[in-house]
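A, B, C, D and E label the chains in the order they appear, each numbered from 1.
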Amino acid sequence: METLFGIAVDGVAYGMILFIISVGLSVTLGLMRVVNLAHGAFAMVGGYVASYAAQSFGLPYAGALVVAVLLTVLATLPLESLLYRRIYGHANELSQVLLTIGLTFVIVASVNYLFGPSLKRIPLPELLQGTVALGPKSIPTHRAFVIVAGAVTLLGLWWLLERTDFGIRLRAAVDDPAMAAALGIRTERLYMATFALGTGLAALGGVLGAELLPLEPYYAIRYIVLFLAVVAVGGAGSVFGSAAAALALGITDTAGKYLIPNFGEFFFYAALILILFRWPQGFFKGKTA
Amino acid sequence: MTDAPPTAPTATDPSAPRLASPRRDLSWTAAPLVGLLGLAGFWVFPDDLGLMTRIAAAALYVLSLDLVLGYCGIATLGQAAMFGTGAYAAGIAAVHLVNDPLILLAIGGVAGGAIALATGALILHARGLTLLMLTIAVTQIVQEVANKARDWTGGSDGLSGIDPAPVFGLFRFDMVGRTSYLFALAVLVVGMLVARRIVRSPFGLACRGVKEDPVRVAALGGSPRAYLVTMYAVAGMFAGVAGALTAVSSGIVGLDSVSFSWSAEALVMLVLGGTGRLYGAVIGTVAFMAAHHILAATDPFHWMAFIGLFLMGVVLFLPGGIAAGLERLRDRLTGTRNGSAPGGRA
Amino acid sequence: MRIDQTGTRQHGTEPGLLEVSDLRAGYGATLILEGVSFTVPPRGRLALLGRNGVGKTTTLATLVGQTTRHGGSVRVDGVELGSLSSSARAAAGLGYVPQTRDVFKSLTVEENLITGLKGRPRGALEEAYSLFPRLGERRRNGGGELSGGEQQMLSVARALLGQPTVLLLDEPLEGLAPVICDQLMDALSKLEMTVILVEQQIDRALAFADRVVFLDRGRVAHAGPADGAAADSALLERHLGVSLAA
Amino acid sequence: MTMLLEVQGLSKNFGGLQVSSDITMSLKAGDRCALIGPNGAGKTTFVNLVTGALAPTAGVIRLDGRDVTRLSAADRVRRGLIRSFQVARLFASMTVREHMELAILQRDRRTFRLFASVGRARGLAAEVAEGLALMGLEAVAETTVGSLAYGQQRLLEIALALVMRPKVLILDEPAAGVPHSESQRILDAIDRLPKDLAVLMIEHDMDLVARFASTIVVLAQGKLLCSGTTREVLADPRVREVYLGSRAHAH
Amino acid sequence: ATIKVGVIAPFSGPFAMFGQTFKEGIAVYQAVHGKTVGADTVEFVFKDLDQANPAQSKALAQELIVKEKVSFLAGFAFTPDAMAVAPLIDEANIPAVIFNAATSAITEKSPRFVRSSFTLWQNTVPLANHVAKLGVKKAITAVSDYGPGIDGEAAFKATFEKAGGAVVDTIRMPLKSTDFAPFMQRIKDSGAEAVYAFLPAGPTTLAFAKAFADNGLKEKGIQFFGPGDITQEPDLPALGDAVLGMTTSFHYSQAHESAANKSFLAKYKELFGSSDNATFTSVGAYDGVHLIYTMLAKTGGKSDGLKAVEAVKGLSWESPRGPVTIDPDSRHIRQTIYLRTVERVNGKLQNTEKDAFPAQPDFGYKLGK
């Protein structure tokens, strides 16, 4: 019983972190259909900006977070018009893979050059240190904060994509860009805004997740499989799906480590196969939010 | 001699867009050309045989990916599962059983094909991102098994002690790598010929159909799944042979040969070269590995930035990969209007 | 009054004048239209006819900016559209119903219609539902789940919701039951806008249009009044290979 | 006469929506039957059920006396149940010729030959040429289908169905998007088919229906509204009301 | 003449830290001792091997030997990469000096391997004895699931049990784990009084240390022990307070009090602006170069690998880490293993040496597996 409770608490906490760092990919991959393997790189850039802002300029955590998101969006927007715009669309999936891997390499090498290969940290404020008790378990305060942030993000995205014309236009533009344009939808602007949303979320995840996925140059590549797993299980483009997937994977992974730690990795991927076997389209096929 | 389909001469509307006519289809020259260039390389770069051997084996591996991706539309990040299984099977056989290199290749091929058949039957109902994820998961599991089975595979320390006998009992594997290289080159050329044969067969045609629209193939009475699984297994054999070739020529097998990154590298090399033409796989492999080698040799610390720029440059300026760019160049030179579409005939 | 930035339109005239002159366009380097010219006055109705593959669809697609333009000009109310993007043309008043319908498959029927609103309030959706009650019944269904004819209705309704000044219809009757064809033609003939209609049901097309243009291999082969053409079976035979059934 | 296709009590629900309810009909050798009905009546769904693209909620489908309800779409095709698609569904980057080659090889189950050559397959080139000629597609044989005009794609769609040597041929709006001049070609080709096979055609063009069909089945709201000879059905007031409208008077 | 040394190591990618510190170690040595030995100029040729990839390692070695005509191979972060070159160095008869790869079995593969780093056995045996001596009866191990981790586990278990303790559970954690909370729970539930943990230096150590701090193990009185990879110097600022008070056993600490270390760090700082990144891998490389220079000096650069290796067998010198000797049998470095605790000194975290176990050999040599 206590084990179960432990698995649930730790699993949910881990799952929410997975969600917050993957949801940006769900936006670009699922909604824009761009296989953006540079997602990890953008998250990393966000993390580094926050780390730098906090350590060199002494910005408080919240300030560093905001600066990181804004700067990352600003820094990556030119990439949208210079690079990504040329490879939108289903026919270009393989080009997207190649281009974004190339971009990732460049970012990894630049970060390595500028900041060196050692680990970087974003100091936590007093408020987020320590632990909060949940019955017999306790979880780090920071994780509790991430869970709340994740829930807020989830609801915000749901509202944006489901309740606003923006969401409808975006999905139309992705479904059939030529027809959407013929209806007067300004697809280019829409894509740019969505791209910004995706990178902003990536940066947010990079900062909030840094306690678990520490910042170092190879961050950009190291965790991409994890992000992809969340999006695939959730069903590309589904924000609620991503959340459900992140929780499911978080709990699965935690259970594996609790119960059969020596085969943890094995357990995780076997579970992944089973889930995808049962839900080949992901949990929330065809639903946006 | 070409084995292009003899087309009945038909009155064609000159304004209709056309494929390059079969007479101009020079793709049959690819395999012999690779053989010749490879031999030339043997004389021109006698000090780089180690690298060139790796390129040849990798090219065969990337070729196997082209069979599934370029001709069946199966996007996979799990080709290393087949490669690594082939490599380990050959390596284990070499340590415990036999050491004839050709037999080892055969063992690698069978092992690669078998794992592809088993896993393909399990996962090929899915498409797109789901399939991509499933292939990744399979690879991770295979890697985990290899890691756990330390007694057989050496785990993370690698499986060493592979000491293959001379090829045909005549040519010893020397340190400079002459035998290794020529052996690998020969295997690659044979692999290209066989692969070309397969993609131009009725089976290959059916696979291209599945790539475009499985439902339509079913409406013609075919079973898309059966084609996919078969091609996956065939490609698995190619990858297995490539793995065995690497094991034989390097004498060691590591966990990297079943890694995600090796799978991803195959995809990068293939897309770089151009999918759906077989020789694109070879071009991509040579370009990537040579660029990697040269850049890493010039600047072992920051080469990643340059190779990244290289990849981005190819996407932006050579859409469809290097092979597509070459074809456009050729078409411009020969005045043909339309090059063959990617995913077209090999 | 939509066009204003470069608006050369004089006050008082009705919007919807479409002038196409020496239009040359195609797909990539392949030239399909080799110089097409015609003019449709405000609220004019043009039937664009021709055999298979002569370039009817290409003409409409070129007007909305989906092909590669090699030359010539397209003016709506005197404003040159030639270099504008598709979405700007839509803003300038073009509405388009493509031959392949191009319903957004992943959006619901209602969401599909919303994409056509061009800023009008959502209440306007009722217009579409009253024109095609069938769509109202299916409003929560996915676009990809609709039957062929329902998709056709959706595509037409979506274009009409935007209240275009120039409406381009590429075989809008295809796949519709005869009763629905009646209703749709009825509704179209009540519209207060310029219309170009490409249609295989020649009798209906000619009954609807006031002028007709026959295309042949990317050129205008004949242009004239619609009622004259309907009566001239030799003309129809020559350009379409058929005559109207008795 | 043997029944080639028998459908009994066929029903299908999508969620709460009853799209086909309790449809019973049959086709015998030589039948030329038109399936008509208002938009959304469930015609395409019916075809999807019969051909195996959809699984029915209830009902039995027999082909040539054998129950095929549980067979896959491909299996049914191999038994001679062939369809064309309402919206042309083709392989965009393959040429017209390759489409024909694939259909023929698939029909003859020659597609698992991994080391044979398509170009040298016995009898293939001749049969391809014949099939193309039937629909007047010779000129575009080497064109990739993605760049064909829509009407030509429709013709290819029909050519593919014909070359499969069907026992029961189901054509879903074969002439939609095809000009009248060309639609005659389709009818001619169907006329030349062996008389011992059954053809079911969905069509909204009443001229074509009148020229083609000897019997008509009418669906409305997922149910069989009526069926009978062409003359009877076209004269039926219910059919006029729900379907034909003003067109009823044209004939 | 110019004598070339080929260095195979990760200079890019996830393990770029190894390559960078190797390079820095080499540079420091050359800055102190010059670039020439006798009449010969020593030149280093770097080859990037971004992650464990034995086949690539072999190809690079082949190229270095055949094309660059190197007289020594060096570097090697990972075991399989080193193992892969064994047949080559034997055939070419050149020595290979291992700067890091830490599996005992490597030096058994060729008589031309010499190692200047450490092994897991070497670091773990004294630690296990120390833990036993503290009176701990029940311990648990948690190691990364790969070669070195398994070595560490085996060494700890064998030594600790021989000393009378009991290992209640052995956990092998997937190398790619990011979340360690569940393992902590398991450790907590096991009833052990102490945990022996090994993770390779790098990003996962952060999450591990945080998990250890956040999951109340300290409060429950569970003591932490492990080899010093987990608190290596470049990572300390990022690890922060989570590792404060952690006890590790290792052969090098930046905080080692000796003249040799002081001048080593001073030179480091002079060359690279800061000595914060100086760590065990820098010292591994630094001492490795010392071995190469010595071989050169003693054999006059004549290329006979066996003779060169012979020349350094039994060699002793004062390294920045303390006194060291090359064991004539195992060709592995015999050295002092220190017991260190992470402390904050002048606002900076460091591994303060608390105890020393001198002249520890590689306990894992010829132990088989």
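Operating definition for what follows: contacts are C-beta pairs under 8 Å (C-beta built on N, C-alpha and C of every residue); 3 or more make two chains touch, one makes a residue touch a chain.
Keep in mind the model is a prediction, meaning the values are calculated, not measured.
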Graph separation of chain A and chain D (steps between touching chains): 2
Common touching chains of chain C and chain B: A, D
Chain whose average C-alpha position is farthest from chain C's own: E
Comparison of B-E and A-C (more C-beta pairs in contact): B-E
Chain C and chain D: spacing of chain centres that average the CA atoms, whole Å: 29
Whole-Å gap between the CA centroids of chain B and chain D: 41
Whole-Å gap separating chain A and chain E, where each centre is the average of the chain's CA atoms: 35
Centroid spacing, where centroids are CA-atom means, of chain D and chain E in whole angstrom: 73
Interface hub residues of chain C, defined as touching at least two other chains: 27, 30
Multi-partner residues of chain B (at least 2 other chains): 17, 144, 261, 301-304
Multi-chain contact sites of chain E, meaning residues that touch two or more partners: 12-13, 16, 20, 145, 174
In the complex with chain B, residue positions of chain E that touch it: 11-13, 16, 19-20, 46-48, 51-56, 58-60, 62-63, 65-67, 78-80, 83-84, 86-88, 91-92, 103, 105, 109, 145-147, 150, 174, 369
Residues of chain A that touch chain C when the two form their complex: 165, 168-169, 171-172, 174-176, 178-187, 286
Parts of chain D lying in touch with chain C, wherever the complex brings them together: 14, 36-45, 86-87, 147-152, 173, 176-182, 204-207, 242-248, 250
In the complex with chain E, residue positions of chain A that touch it: 6-7, 10, 13-14, 17, 109, 112, 116-121, 123, 131, 138-140, 211-219, 221-223, 226, 250, 253-255, 257-258, 261-262, 264-265
In the complex, chain C residues that touch chain A: 64-66, 85-87, 89-91, 94, 96, 98, 102, 104-107, 111-112, 114-116, 118, 142, 158-159, 162
